[in-house]
Amino acid sequence: MNYNTLFSEIASEVETTVSPGKIADYIPELCKVNPNKFGVHLTNLNQEHFEFGDANEKFSIQSISKVLALVLAYKMEGENLWNRVGVEPSETPFNSFVQLENNNGIPRNPLINSGALVISDVLISHLKNPKKEFLAFVKSLSNNKSINYSARIAESEKSTSFRNAALINLMKSFGNIKNDVNEVMDFYFYLCSIEMTCKELSETFLFLANYGVNIFTNERVLSTSKAKRVNAIMQLCGFYDEAGDFSFKVGLPGKSGVGGGIVAIYPNNYSIVVWSPELNEKGNSKKGLKFLELFTTETETSIF
Amino acid sequence: MNYNTLFSEIASEVETTVSPGKIADYIPELCKVNPNKFGVHLTNLNQEHFEFGDANEKFSIQSISKVLALVLAYKMEGENLWNRVGVEPSETPFNSFVQLENNNGIPRNPLINSGALVISDVLISHLKNPKKEFLAFVKSLSNNKSINYSARIAESEKSTSFRNAALINLMKSFGNIKNDVNEVMDFYFYLCSIEMTCKELSETFLFLANYGVNIFTNERVLSTSKAKRVNAIMQLCGFYDEAGDFSFKVGLPGKSGVGGGIVAIYPNNYSIVVWSPELNEKGNSKKGLKFLELFTTETETSIF
Amino acid sequence: MNYNTLFSEIASEVETTVSPGKIADYIPELCKVNPNKFGVHLTNLNQEHFEFGDANEKFSIQSISKVLALVLAYKMEGENLWNRVGVEPSETPFNSFVQLENNNGIPRNPLINSGALVISDVLISHLKNPKKEFLAFVKSLSNNKSINYSARIAESEKSTSFRNAALINLMKSFGNIKNDVNEVMDFYFYLCSIEMTCKELSETFLFLANYGVNIFTNERVLSTSKAKRVNAIMQLCGFYDEAGDFSFKVGLPGKSGVGGGIVAIYPNNYSIVVWSPELNEKGNSKKGLKFLELFTTETETSIF
Amino acid sequence: MNYNTLFSEIASEVETTVSPGKIADYIPELCKVNPNKFGVHLTNLNQEHFEFGDANEKFSIQSISKVLALVLAYKMEGENLWNRVGVEPSETPFNSFVQLENNNGIPRNPLINSGALVISDVLISHLKNPKKEFLAFVKSLSNNKSINYSARIAESEKSTSFRNAALINLMKSFGNIKNDVNEVMDFYFYLCSIEMTCKELSETFLFLANYGVNIFTNERVLSTSKAKRVNAIMQLCGFYDEAGDFSFKVGLPGKSGVGGGIVAIYPNNYSIVVWSPELNEKGNSKKGLKFLELFTTETETSIF
């Protein structure tokens, strides 16, 4: 099936029905993006590609990186990882501090900020040159050597990082951060600063639709069971305080970032990425959410 | 494929590896159950049946009823239902009161107690004779006229209902309960007192594996889209504070009850019910969870 | 010293400087009060009386009654009372449910709603005819037989009591309410419905300025130590979320009610009552607070 | 009245009735103190001195310093200070993060850690050489040039400061910290490291019993009104989660520190300091609390 026409039709409908959102404004550098950008790219297991709009323009993938960091940490640490971080959905960012206090500094899951900071800490413990080795891992997943961090974005995040500093220090007080807090935060901001196009990002995540095997290299990234578990975590925890709504309306595991990107996985089928920088009040791309809702409804693709 | 042998093997493994749990002791009548009971029943879309152990003994389905109440309320009220209750997972029962206060008395989802009380309130507003009509609905789903409430269990729950009374009164103070609080609580306790066997329960839930169509009568219970959405809600909210763990290990939408039952749905395939009364500290059947984890791992059935 | 002139001057200043507040509107009957009423009455240990304005008009003392109920319960139960309720200030009404959950249903102090419900429960356990005997106690304190409940107000409160019903049921679930919840709530609403004039109320509370001895009858109501402790509780817990502000600006132990009354005690000196029905957003009389701040500043009377 | 004999008698009673507590162990250097130390010193407005035990041995005053920092900040900033920090008691340290989130980073009062960090920030904004000038202020209050910081204690606290780092970064994220977080924390740890004897500390606080005037130099430190307000804040907020209990049993404004010191003020009379390093679970000196309870009961000195 060729989705290019359908993409164009849904994009039109989204364009006319979705009211404007707000670009992430807490990171100075992210404000500079053109809010009208819109791109979508789908890669399936036959390595067919479908796309629309600004699908080949780089954007900041932000929190979507947390999934990639999780995959590498899970690969290295195995099931011991779950002694350091949970797999349960969280209610609101607002609850984070309470939850960490109630639970001895163990974050509820690896896709909220506190959890991703723990994952970063785990990676630092395992890697000799964390930034370099993590980037090499992402390049291998995407089979694309051009992927890189944006030092500009990473440094811009550091300037407004007090809330993350509060979270990591609280976890450190419970002993759940092993390395220096500034080193962990620096690595974390670099992770979040990776830039990709919709096409590159959908290729990078394709192994999660392929039960853990990188289709481009035939290398196994994760065991089948672990790949499914990563999908399960995305399903329950991938959209901040809207995980339920996304499951309800889109019906696929996925992850969003405040750069306006969303990736979703249809297991055994495809990986799709939408990008539109205007966010709703929960921090998820407004047009991206609507596009995926209409697309999965129209094509009747859902895991449920 | 014939699962009877596999059931027997997994049951043996569960029996030898799972340490004892605790029977629900806050409801006097539930304490009387033999803790060693164990049953499992799977019904697939070919109407084949597989089972093991005490699969034909009645037990109290308790909170599993909340899904059936949700289905009937959703059918009658449509998408307006979501003005009264959310679709997001909740952290802990402990958070319930805070969450209700923060959100004007709107519960996070229909499968926690506060949410199920709102659903009960919605049904009372729609039905002339709520207990009778709800029971008729359940009988039609299961194609089985012998299903009934246990007045004994319902009355037993009333005697220890102070916490539910606290929740419903708090919601009433926000205007999110329309009927008399005692009438709603009475109906709610009857809902939870329904008794079924593993076989009956798996038949009752089969329409959710069949995209909303009752396979016994060919009647459509819910639209495809609504049936998937109910599955999505079970996936994110079906296991109290263990929804993530269940998704992670079992990988299917499901719902548990403190009577020791668990139902799980493999869309387009089957509905399975396990029953073992001993619970873990989160209130979910210990052996039931382990059985389903081993079964879906062995058969590689998971939505992810 | 004759305060009548000073009262008149301060009342003028308050009248011109304090912006309008809001009459308590959650109790239908309380809304009927004329918002412009203003009265003040001071009784000192020489039994001199000073007053201004509507000091001889009855108003609903509401939560001020909680102090009288505490006194009677403390008298009967002694220091054992503190096994059922604490003596620590509370942050916000909003925190009540969380706090009860964290502390096994033990309220933080006897002057918040949950605490006063426990005090009511204690009194019911001790008294054969609670309403009659409590009223007799209040009459004896004030040396005034004309004091009475307002059944009209009590019944009006019942119609909007869902939040209190939530609190009491939550405490009942922890076993910290011994009697029937409806009986306790009924008694509690009668307590709060007592009506007095400023003069009557200042006379009623005078024993707390007199180290526990009723100056009219020479009877000891509480030991010196217990009377001081009741003052200490008022100081820390008497003004909902404004106890600090009241201590800071007025510097005396006191208690407010949503009827617009405030009583304050200057130990070894006087008891003063101000009444003005318009409340600030914390539920305390706006003009009453300002009047007392100016009066204690002008007269340099403060316990600090 | 000569208190030396009474001190000795009460000290004996305390010694035999109070069970052992625990020395503060989160600061490595504090652990080195001899747990059996016990001292008390009272200075009255006639400049008479009474004491018992180790009253002339230096100890770490810790959080008692927060009052002195508050006094200097209040003196410099005036009532504007209350835009940055509240005057309301707090429930539990556990609530701190929630409370800061609910209230835009404004701490409930200046005597909890978050509040004292804001006060430190205010002082840094006003002072050219904060450490030097604050110490000079304390020396002037006590009329004693030998008072000093313990760099050893201050540095020891830094090594375990992650929780304070979490609080200050959270406040910084709301804009309620104006200076560099590390600079503020460094200053804060020095404040808390001041060492004094019981005698020196009771002399330092005597101006708060003297309506704001330093009795040794006749200089006014604070206006009468401001001095009373500082006492009011100590009354409501001076003992972490035991402020109510202290008011209830001791009946004086006061402040404790985890070094085992407690200061209490009897306005227009005296300032008393007790020191005993063994703490209860709330972090207050066990013997110190009991000593003051017995002393104020015996002498019938209480503000209530």
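A, B, C and D are the chain letters, set down in written order, and residue numbers restart from 1 in every chain.
What we mean here is this: contacts are C-beta pairs under 8 Å (C-beta built on N, C-alpha and C of every residue); 3 or more make two chains touch, one makes a residue touch a chain.
Keep in mind that this is a model prediction, so the values were computed, not measured.
Interface comparison, A-D versus C-D: the pair with the greater number of contacting C-beta pairs is C-D. Taking the mean of the C-alpha atoms as each chain's centre, subunit B and subunit D sit 55 Å apart. Between the Cα centres of subunit A and subunit D there is a gap of 48 Å. Rounded to a whole number, the gap between the C-alpha centres of subunit C and subunit D is 32 angstrom. Not a single residue in subunit D touches at least two other chains. The full set of touching chain pairs reads A-B, A-D, B-C, C-D. Across the interface of their complex, subunit B is touched by residues 86-91, 95, 99, 108-109, 224-225, 228-229, 231-233, 235-237, 241-245, 247-249, 251, 253, 267, 297, 300, 302-304 of subunit A. Of all the residues in subunit D, the ones that touch subunit A in their complex are 94, 97-98, 101, 162-163, 165-167, 169-170, 172-173, 181.
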